[in-house]
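Handing you a structure now.
Order as written gives the chain letters A, B, C, D, E, F, G and H; numbering starts at 1 within each chain.
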Amino acid sequence: MAKELWKGNEAIAEAAIRAGCRCYFGYPITPQSEIPEYMSLHMPKVGGIFLQSESEVAAINMVYGASGAGARVMTSSSSPGISLKQEGISYICSAELPAVIVNVMRGGPGLGTIQPSQGDYFQATRGGGHGDYRVIVFAPANIQEVVDLMQDSFELADKYRMPVMMIMDGMIGQMMEPVEWKKPPVNPEDLPAKPWATTGTKGIHEPKAIHSLFIDPNESNDHNMRLDAKYQRIMADEQRYETSETEDAELIFVAFGTPARLARAAARLLEEEGIKAGVFRPITIWPYPYDALYQAAAQDSVKAVVTVEMNTGQMIDDVRIAVRGCKPVSFVGQAGGRVPTPQEVVAAAKSALGR
Amino acid sequence: MASGKVTFRQERCKGCSLCVSVCPAKIIFLDESTTNIKGYHPATVTEMDRCIGCANCARICPDSIITVERN
Amino acid sequence: MAYNEILIAGFGGQGVMSMGTTMAEAALSEGLNVSWLPSYGPEMRGGTANCSVVIADSEIISPIVLQPSELIAMNLPSLDKFEPAVKSGGYIFVNNSIIKRKLARTDVKAIYVPTLDIAAELGNMRVANMVMLGSYIEATGVLKFDTVVNMLRNVFTGKKAHLVEINRQALQRGAACV
Amino acid sequence: MAIVYQKSKGLTDVELHYCPGCTHGIVHKLVAETLEELDVLGNTIGVAPVGCSVFAYKYFNCDMHEAAHGRAPAVATGIKRVLPEHIVFTYQGDGDLAAIGTAEIVHAAMRGEKFTTIFINNAIYGMTGGQMAPTTLVGQRATTAPLGRDREHYGSPIRMSEMLATIDGAAYIERVTVTTPANIIKAKRAIKKAFQLQIAGKGFTMIEVLSTCPTNWGLTPVEALEWLNNNMVPAFPLGVFRDITAEEAK
Amino acid sequence: MAKELWKGNEAIAEAAIRAGCRCYFGYPITPQSEIPEYMSLHMPKVGGIFLQSESEVAAINMVYGASGAGARVMTSSSSPGISLKQEGISYICSAELPAVIVNVMRGGPGLGTIQPSQGDYFQATRGGGHGDYRVIVFAPANIQEVVDLMQDSFELADKYRMPVMMIMDGMIGQMMEPVEWKKPPVNPEDLPAKPWATTGTKGIHEPKAIHSLFIDPNESNDHNMRLDAKYQRIMADEQRYETSETEDAELIFVAFGTPARLARAAARLLEEEGIKAGVFRPITIWPYPYDALYQAAAQDSVKAVVTVEMNTGQMIDDVRIAVRGCKPVSFVGQAGGRVPTPQEVVAAAKSALGR
Amino acid sequence: MAIVYQKSKGLTDVELHYCPGCTHGIVHKLVAETLEELDVLGNTIGVAPVGCSVFAYKYFNCDMHEAAHGRAPAVATGIKRVLPEHIVFTYQGDGDLAAIGTAEIVHAAMRGEKFTTIFINNAIYGMTGGQMAPTTLVGQRATTAPLGRDREHYGSPIRMSEMLATIDGAAYIERVTVTTPANIIKAKRAIKKAFQLQIAGKGFTMIEVLSTCPTNWGLTPVEALEWLNNNMVPAFPLGVFRDITAEEAK
Amino acid sequence: MAYNEILIAGFGGQGVMSMGTTMAEAALSEGLNVSWLPSYGPEMRGGTANCSVVIADSEIISPIVLQPSELIAMNLPSLDKFEPAVKSGGYIFVNNSIIKRKLARTDVKAIYVPTLDIAAELGNMRVANMVMLGSYIEATGVLKFDTVVNMLRNVFTGKKAHLVEINRQALQRGAACV
Amino acid sequence: MASGKVTFRQERCKGCSLCVSVCPAKIIFLDESTTNIKGYHPATVTEMDRCIGCANCARICPDSIITVERN
């Protein structure tokens, strides 16, 4: 198929519709408002539901209701709005319902800036809400990858009955890039039935209840252990990452999303100076590809690991966990809307190598 | 006057007395001689023949444990 | 290896954004890698607008242009703000219909384009941005003239088909300024 | 002899966990009977709140979805938009609906969401142990208002029915109580009307039920009914606050 | 001073008042409602402000306002309510205002259970809200320690102009234990002035603005870097922890809050079997005492590190980061209201030692 | 010659970032002039919202506190409770006050919080680029309602002044506009009265100002004033909706 | 090393909670370590109430009592629920005014106390819980009789001072049941 | 009729024309011959003698850039 030029946010919305999403609830916030805007125009055309809610809190709870009723449903927001959704996300995880949540990140904390950032890594990977839960988190690095991952997001959400989050810095939402629509669109009618959905007993089945209350400590513990077992399964089966030139590298950059591009540019600059640097890019940041990163870092050739982020250093915790002290780990980044330059990344790499 | 009959699912009675308070015949009382599994004296009627089957008691019983029949 | 980082800046309403998307579409149809990124936010309330376009035959590193290889300055505040950032040896295109000063820097190539005057001559003020684009293409050789014209054919169809010609003329007149 | 009153098929056989004499149980019955009579149990999804009625999902004999505190109207919106032919209701306390969930109920009303809300106003936070609610009466004691609600500090109780009745999307809003068999019959009629208007697609419908919380009021169940009559009814007048069918009839 | 029997939640409230807190905003939620209840009765007696808000969202924003106006202010809640406060906490961090936030944790996710839990470790230490920010987090293990740490909490909040969070499982809030009031009460009038507070220009000073908006990416980056520098300072200066019998131990338990008691009991049981086990207890879980834990774990005698938590394993990430792969790290815990027993902990310890 | 009109000392010299002809600037002046005339600038704390007026904290010549989106009434409550002798106001848009911040404004009114709210109703989300607001008119286009607001889907616009006027704690609520010099004078009078009642400790006061958003309405500033007069005023009638001083006088 | 884990369970209104706090206060005044933990939550709506008390001369490990060394069962549902959990060799105190069955287990010590009957004899039904406490003290020796009585003197002061005596008698009568 | 005088802080004018639309004397216009730093044609008055000093223009100017004086 030919490539088309798409604005990131519109591509996200279109990709969701092509993935069979027929239900969207959201509240405007820069830099992702084009998602609800696109949905408002295009959802009705495919017989889907678009509703602008009174707030992000309401939106996530509408998602909760719609998902319980069996819909393939999505919401999107940007950082402060995602913070407001945390209670609702925790409920959806506990009630084990599928949903896709997009966070087009802006700089924080507080009102911050509407410029791009990756400041919500912790929130996404550690659950900003209360209790023991996880969401699968994809961190695409360009618009094409957003589009490619959207269908997977809905499928994993259904498969594991849990939210899948897609996080990207605001730049990806605002920019235009060429996109190729590789997968055929999903017809929601072809999707497998959801026997757990509350769609009325029809007088046939026993009443169903979607809930997250387990008042008895033993029941609650069992529920948590069951969820944990599911999360362990996902950790085993769903890690994704990409490496470039990591074999026999002297230095490994670790970066997710946009900074991975910068890291590759920096690696090329380093190559010119005779330093072999590779880039390890997690695509799922939860489950985090710990073992793969360890393998890469543990190679004899590797002298240092440098994480590159558009924040003050968040993924570096996971990198440290992965690397298990086998190599020194350091950080280079910019927060709150600034993007590190390849030159800054090169400088950080050299200093990590002691040159 | 119509004659009625009430039956209580006593093991579920919480002894709240709401039925007692609305019976026009004033025939419902809490049976202090017994305690159900929940620890309450359950509601009961002995002079059933005075029951008019008005269903006031059943209508107000929050725990839906009263059934009323009538001729 | 071509790697062009273009910053286009001006007032809202000068066609800055669409100049950028036109370049991006054309680049795509030439099989190049391309990205387009608008500035956004409340500062837009003030009435300024700018966008970054990157056109390259290799992977695009970042769509944000901090040090443009080419600056297209459609008004004075934009020139004032971005002139110092342009890479040495790069280009600055100056809309000298409304920017009355000359460049301060000497290590960059200056192209002065009287976009409004030419657009007025052509009888449609809205093609001023295409005049500028014509100059850009001609000076840098980044895009082919024909690609851009073909692209315009895709954009202006049906009732608007007649606009292709005047836009083509605008591009040509702009090219002639180089 | 014929049965003139028995437990509604709209309720499961699970024992209610409510305190003795709590009117939550009465209202449950009325909703259940209504669903049974309208023959829509198989087609209904109820939304339970967080509050004493948090376990409502075990009690109603239809599909149920439990919401986060205050968010039942948002959850119900999600459900009803996906299943427009189904019957959807929320069952919410005054803390749930009139405090934390204020925005959600107002906007469900504004959009004219076609579900029915049963609003249990017992002038207190029952479940959490008797804290002040937005509907607590001036002077009424609560565990967070140990000297009674002070008007200067907290204002007067909010009248949600009156407030929501200013909103166009609300089709039917009535305030009832369940202090006597006669009032219970009236309350039932109101609830039924609300569901009927929902089925007719008229818009948002809400029945506010003045209820008791004997436990946290520190009264016996029978005293509580009296206290409600003497104190709550004057502060929260019973009646119909909005009825678009009446307006349409004009 | 004589010991008195206090209920945890009431002791928290009383300790706050004694620490000079004169302003409290909150919303009821089990198992912490006795905090607002106590405040409602006792705040007016000291001329302080108690206000029950319409929601947790409102409460944290009232805190934001009151703190900006110069008050020593506190809020409290339990897990779901804390989730709702995340946006507000992010704002307060960015605007650099002091506040004390108490989370008496219950089991999650979702509505969960009202029974005690430690499921909000990630949320507290990683910032459940958006953007790069941290809060100082104390994790006391009993009521006495809660009381002892309260004054420090307010002082650190003022010193660093940021929220200090105190998290404890619901048990600590609900139980009664003997308490000794060791520190003299603070008179709020004696506290240092807050020149940054918005208390009116009085026609004298330039208008002040409390805000968190840094729209320009460079300003935003600078702001974030300044915050980060503050956090680095705190990491260097404010770590607190307690060790018991860790020297020359064969096994190190790591636990915060209540489970540290269980770990000590387990250590005593192990001793009876001839296994020397020590307990490392972080008191600040952010800043986390990484180096001290590393020192303890790196001892030659140590064969294994076992973390004990009332969740499905959250602090274990920090333990892994601290231990840097030098010793195997494993986990034992129960989630959602159940507390692991000393026997379960012993069993986990033995299996970690391969016995 | 004597100066009959000049820029208020209640405004700083910072240039406003608003679009040409946006009435936010007019309302800023009225508030600033009021504070100047009441001589309370040194004693006032304003609360800026998230919306186009997010930078209001740079413009008013008094101490300012910027709130999160919708939460200005909660922030103002925190401030006013700590500093009861100070003058506190919030300045909020319709997305801020009537959507995400619904609960906060309702409960500030209920408690009778003694601050003044200036509510800029421009029937649109200005800052984020013209999305639908709860006050968007039926049929009015918005970027999230590309075919115009559909009553069946979203209900009719919410009238916040009417709704809040049902609440006892509200002392004064009036809706004004600024489309003509005469209306501007009336609006100023309303704003001044609200602040005076705040100073008198009467309770919550709010002035709703029907405003324009030429940019997102796609009209010139002058056309926008006309559109407001022709379309918004009928949907949002001007007038006083609550005035406890009038009630007290009775 | 004394380490007593006590579970007290019954209906709401039977004075279960205050029995626990009385024990805790007394233990504190004897210089012992102590904790008291109520059960809480919506199950309380059902009308049951229970609390855990731990009294020890060493550090208290957990205030939660899962396997009580002593169970005080004030009603039948509580006995049914908790009898199996009691540690072998421990005590079960049975309020046999309303619990009509005997213990099923034989590896624990059973103490039957007709609390309501004795309270009725004393003329105040509300002291039934103190009757039970008297039995507990006597049987286990965990607390001193005088400490508890002194504690009551602190609780009942002023107008309520006369209640000390009847409570003391209740304790004594309970002790006599052992 | 009173006579007035208006002064514009032209560099801040956004050319919105609100002042133009409310001047009863119809003497305000946007000066198309010049563009200020912000890119707008600023409002101006040439026939100042026809100004009545009513302050309509200043009152409606959102950017507070008009000062009005009067005899």
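What we mean here is this: a residue touches a chain if its C-beta (ideal position, glycine included) is under 8 Å from a C-beta of that chain, and two chains touch if they have at least 3 such contacts.
Quick caveat: nothing in here was measured; it's all calculated off a predicted structure.
Undergrad: For chain A, which other chain has the most distant CA centre?
TA: Here the answer is chain B, farthest from chain A.
Undergrad: Count the C-beta contact pairs for B-G and for A-F, then tell me which is higher.
TA: A-F
Undergrad: Could you put a whole-Å number on the gap between the CA centroids of chain E and chain H?
TA: 60
Undergrad: Calculate how many whole Å lie between the centre of chain A and the centre of chain G, each centre taken as the average of the chain's C-alpha atoms.
TA: Result: the chain centres lie 55 Å from each other.
Undergrad: Roughly how many whole angstrom separate the Cα centroids of chain D and chain E?
TA: A distance of 38 Å separates the two centres.
Undergrad: Mind pulling the residue numbers of chain H that touch at least two other chains?
TA: Within chain H, the residues that touch at least two other chains are 14, 40.
Undergrad: Which residues of chain A are in contact with two or more other chains?
TA: Each of 30, 51, 54-55, 57, 80, 87, 91, 95, 110-111, 113-115, 211-213, 215 in chain A touches at least two other chains.
Undergrad: Touching at least two other chains at once: which residues of chain D meet that condition?
TA: Touching at least two other chains: 18-20, 54-55, 66, 68, 99-100, 102-103, 106-107, 127, 134, 153-154.
Undergrad: Okay, in this complex, where on chain F does chain H touch?
TA: Going by the criterion above, the answer is residues 1-8, 11, 15-16, 18-26, 28-29, 178, 180-181, 184-185, 214, 220-222, 225.
Undergrad: Which residues of chain F touch chain A in their complex?
TA: 50, 54, 66, 68-70, 95, 99-100, 102, 125, 127-129, 131-132, 134, 143-146, 153-154
Undergrad: Over in the complex, which chain B residues touch chain G? Could you list them?
TA: Touching chain G from chain B are residues 14, 35, 37-40.
Undergrad: Chain E touches which residues of chain G in the complex?
TA: Going through chain G, the ones touching chain E are 21, 24-25, 28, 33-38, 40-42, 59-64, 66.
Undergrad: For chain E, which residues count as touching chain A in their complex?
TA: By the definition above, chain E touches chain A via 57, 79-80, 82-84, 86-87, 90-95, 105, 107-115, 117, 119-120, 122-123, 126-133, 211-221, 223-225, 227-228, 311-314, 317, 320-321, 323-326, 334-338.
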